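Per-chain numbering from 1; labels A, B, C, D and E assigned in written order.
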């Protein structure tokens, strides 16, 4: 069930007019500066504002359309609000279980979430005595527990420590894949988004500036992200084998093979690697005795950017694309022009699966 | 300043212009239930003359030494009337007292109002009390008994004759005046609280023959 | 000093207060909810109308109720044409009177409490699949608890002391409509100050115990959950 | 139908209601604040005490106030031994009576509102250098505005209709203590239904206008800031 | 005026017992997992809880001590709460100006902040109509405008987009330096913290686990951070010159010279560079024709870690330390043992000033 969104809303001093699609499986990231209208979009999809017009279709369910408005409680969705917004009259367990009965969901996922989010010892605590991060974890568990048909998450991981974040993110992604439900995620951490999202929607001033598969939007040197330090390439690969001696995984990305720390990887696993342009360096000749294990021959196909840094688009031999950010001086000295054959170096430890 | 029992206030208001023109004094009546006025007088309320609805409270004030000695006088005797807005003749009216199921009868609270005490005495004498008394609706005062009947919530009531006379436009149906001999006298007494010339003038004027004649026309008996 | 009649009156009073409070909460809560949530222009006119019974003296209000309920009144006429007994001088009539007079004290605090709950908890509940009624009972009501308590206490206490309306439409029938407030009043009027003091003290003591229990319990509940 | 005396009574009523509301807010707001903020054990006893005047019939409450304030009462005695006039049967006495009787209606809603404001805005204000009084006036009061409004409206309206207490300690003296509610009552008692209807309508109309203005203005203020 | 903190508080299910010092100038970061007690510490310092005992001294002002408790409104501090906590009855300008009168501060800093945080067009908006990021920006402006003697910031930048964050962070740091006021900052973004903080306090379970200058805590391979992917070295340097042709700055870090993009740098400027271990790679021989401009000879002095990755402590020739994270396999193959002489490579674009 893919999600089709087309929303118009008129507020004083703000005009929302956004349209995009989100695929049925995987995470669609909503990205944009503060005040871009991201929260407005989520509210519109959830049906919380009645003064919104347009279309919201989840598969063949028409939640909003000409003359159609399905009440929020009849839309099977989970919403993690930007503020935790816990029920202050209930304890943690009461908050998490609120949706379970109403969505007729079982308790397995709930117990899984309590475990994952470390809420076991907090279950009988009242909302008002929780720390900021604790509240947010409860809010996540509450929205996810009933296993809805759509997940809306407004910066769900803000205020969580990196360790916890690293655990929760993959969980959300695998939930989306196994249940085949779209996830709309607002985040300001592009690295996070990139590691997790399949689809990216860039918003500004109430409008969608760019949208599409993550790889395409991130790699688009003409797109709105190119100027930022966050341009990245995304490679898809399969774990071919694991070297138990060094605990390294061999990941076949169609032509090139990457060596990565094997943590949490299993043989045969499919995965997606985001390789940030800033993590890729260029050498003309393959160096010897380098700690960098991943070095591939590439062809420079594009070069953008002014000032001290430029971004290069590099074609791997199988046609996939890598991005590299280097100083303008290096680009000049190494003659990194269109068609140049060089080697790209990627540190294993910079690529986190 | 006159403290006047609620049931006599409209009468006083009706007659007042005569007094004010005759004497040159202006009347400032404060009406209320006799019990409350009594409590207020005990607490030093600034009244000059007390026109009570009964004889007991003035007597008590006198025994507490709060009055000008020797001024306690009965200024009027009340008359009780049985009234039903729905009845056409007196026989039908009296017959209703024995109707089954017993009718809603409105009386003034016998404990508080002399009219109520009189009503109860009459009902007891006539043998209606056992059937009607416990279910009788009691107004705090005789005016409320009147409201109960006038609004149609009670079918008949024992009210004050002056009320019926004074407001005959609003009082359809039939009224029968209970003979004064069939219930204890409803003595309304007055006492002077402060010896002012105006108050004495008013008390004197109340007892004059002309005033008393006017009161008789309204349904009071003269003492 | 306290007669059997007084105790009877006290019993009746408590019954009346309990019944009225129940009716008040049943009527007042939805009304307060509507007032708190509606966006209609005319809302404040309704707010003013709800507060209006307050400005009339209770006895006068009772008088008008009497006219309304009487055989000639619109409501009384309707009832008797349906073959029903008129409501005046019955317990049911007293409840109606008390409810009319105490309504603003109940509606206003509850309305304020609903307003302060704000839209967010209800939105969250909706996204979790709770329909309007469900949201109302499982989110709005519990969060508005202090306001509900205030409304209930004010309504209950006010009905205990309520007097003018009851005097007018009750008819002071012992065992049926003679409540404690009227009994005390009678004692005062009859200059039976001893009886008045006794019954007043009893009523005050009882109410005080009740109120302390309610407030204490409320505190306990809060503390237990904290 | 409406006499000069009635208008006089109306004027007195409005003055009394205004004065009482002012005193009620001045007394009730700090009391509500204390009740909302204190952690003391005994707090709910005070809460119960505040609600207690409610449970006595107003006339009876008035009677006890009369005993207290009258020339023979302890307070009245004190005053007259100081060479002052006793308060009973004066405008001042009426204000005292109204305040005692309406206090719970004012304190409770304001207290609820203060509780709902919560500690956070006050903490923020403290870190920005605002002392306790400053915080109270610039943060707590504005945020508790709905509760204050409710308290003021209930107090005002209740004083307009207030009757028993005023009747008892006021003595129904024309131009001095004879307020509109008593005037209507007198009309009713005197079976002058026309006069009662007229004055009631006038009082209702006036109050309605006032209430609509207050609620409408409150709405306007909210809308303007939104 | 340095800040001395020693706080004890007993809550059900949580015991706070934390002591640390924060230098008079610069940012002290409070770092630790959710529920560690970071917010409790800030509240204790602000004097918002009365059931706290211990000491809080800001220079010679004793705010908390045996028998001493200064009320919060007499402590000259600015507090950005974890939730924005705006005054709902005031508009944005009213919120920002609330502290100005009370702290008798001028309006210059206020106007600067309104500009910096992009609040100009929001000044007459009510708090409840703002987006999440907008509220947070108002909260920051409100706390900073009166120029207090101490800043307490509880995840002030959560919910801000990267661009805004990159502007606000340096502002906070320069404020701390020019006014010589300590800043206590809670953050979960270690990269952010590292770029900004001088001093780090690591908390867990209500206790301080480690504290000290940022470089020391981050580089401490035995410390609590070593296991995380965030170990970094911090170098101090001075901008020696700027090459206008390539827009590159030459930064002298005592012995070694780094080339960095010159954006926002001026000649003579002192700065601090955080070099994350994951951004450093090792070669035995200096490669030719590499896009990596910063390559230094180093000596391996320490090696830690198990599994796929190890962290190396590298001594630069002037004695400063770099950290490098490499795969265990590379460490073995390149024989990166104690005493090995190798070259460390650092990408210019990975080092953000």
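The definition used in the following text is that a residue touches a chain if its C-beta (ideal position, glycine included) is under 8 Å from a C-beta of that chain, and two chains touch if they have at least 3 such contacts.
Since we're looking at a predicted model, the values are computed, not measured.
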Subunit E and subunit B - chains in contact with each: D
Partner chains that subunit A and subunit C have in common: none
Longest centre-to-centre distance from subunit A, chain (CA-based): B
Most remote chain, CA-based centroid, reference being subunit E: B
Cα-centroid distance, subunit A relative to subunit D, in whole angstrom: 60
CA centroid of subunit A to CA centroid of subunit B, Å: 90
Centre-to-centre distance between subunit D and subunit C (centres being mean Cα positions), rounded to whole Å: 19
Interface hub residues of subunit B, defined as touching at least two other chains: 36, 39, 144, 147
For subunit C, residues that touch 2 or more chains besides their own: 63, 185, 188
Set of subunit A residues in contact with two or more other chains: 83, 129
Chain-chain contacts as defined at top: A-C, A-E, B-C, B-D, C-D, D-E
Subunit B contact footprint on subunit C (complex, rising order): 63, 66-67, 69-73, 76, 86, 88-89, 167-169, 171-174, 176, 185-186, 188-191
Subunit B residues touching subunit C - in the complex, by the definition given at the top: 33-36, 38-39, 57, 60, 104, 106, 109, 111-112, 134-140, 144, 147-148, 151-154
Of subunit C, residues touching subunit D in the complex: 43-45, 47-49, 51-52, 54-61, 63-64, 104-105, 108-109, 111-113, 115-116, 146-147, 150, 153-154, 157-158, 160-164, 181-182, 184-185, 188, 196, 200, 203-204, 207-208, 211-212, 214-216, 218-219
Sites on subunit E touched by subunit A in the complex: 11, 13, 32-35, 39, 82-83, 121, 125, 129, 131-134, 136-137, 154-155, 158-165, 188, 190, 228-230, 243, 245-248, 259, 261-263, 278-279, 281-285, 287-293, 307-309, 324-334, 336, 345, 347-350, 352
Residues on subunit B engaged by subunit D in the complex (per definition of touch): 1, 6, 9-10, 13, 28-32, 36, 39-40, 42-47, 141, 143-144, 146-147, 150, 163, 166-167, 170
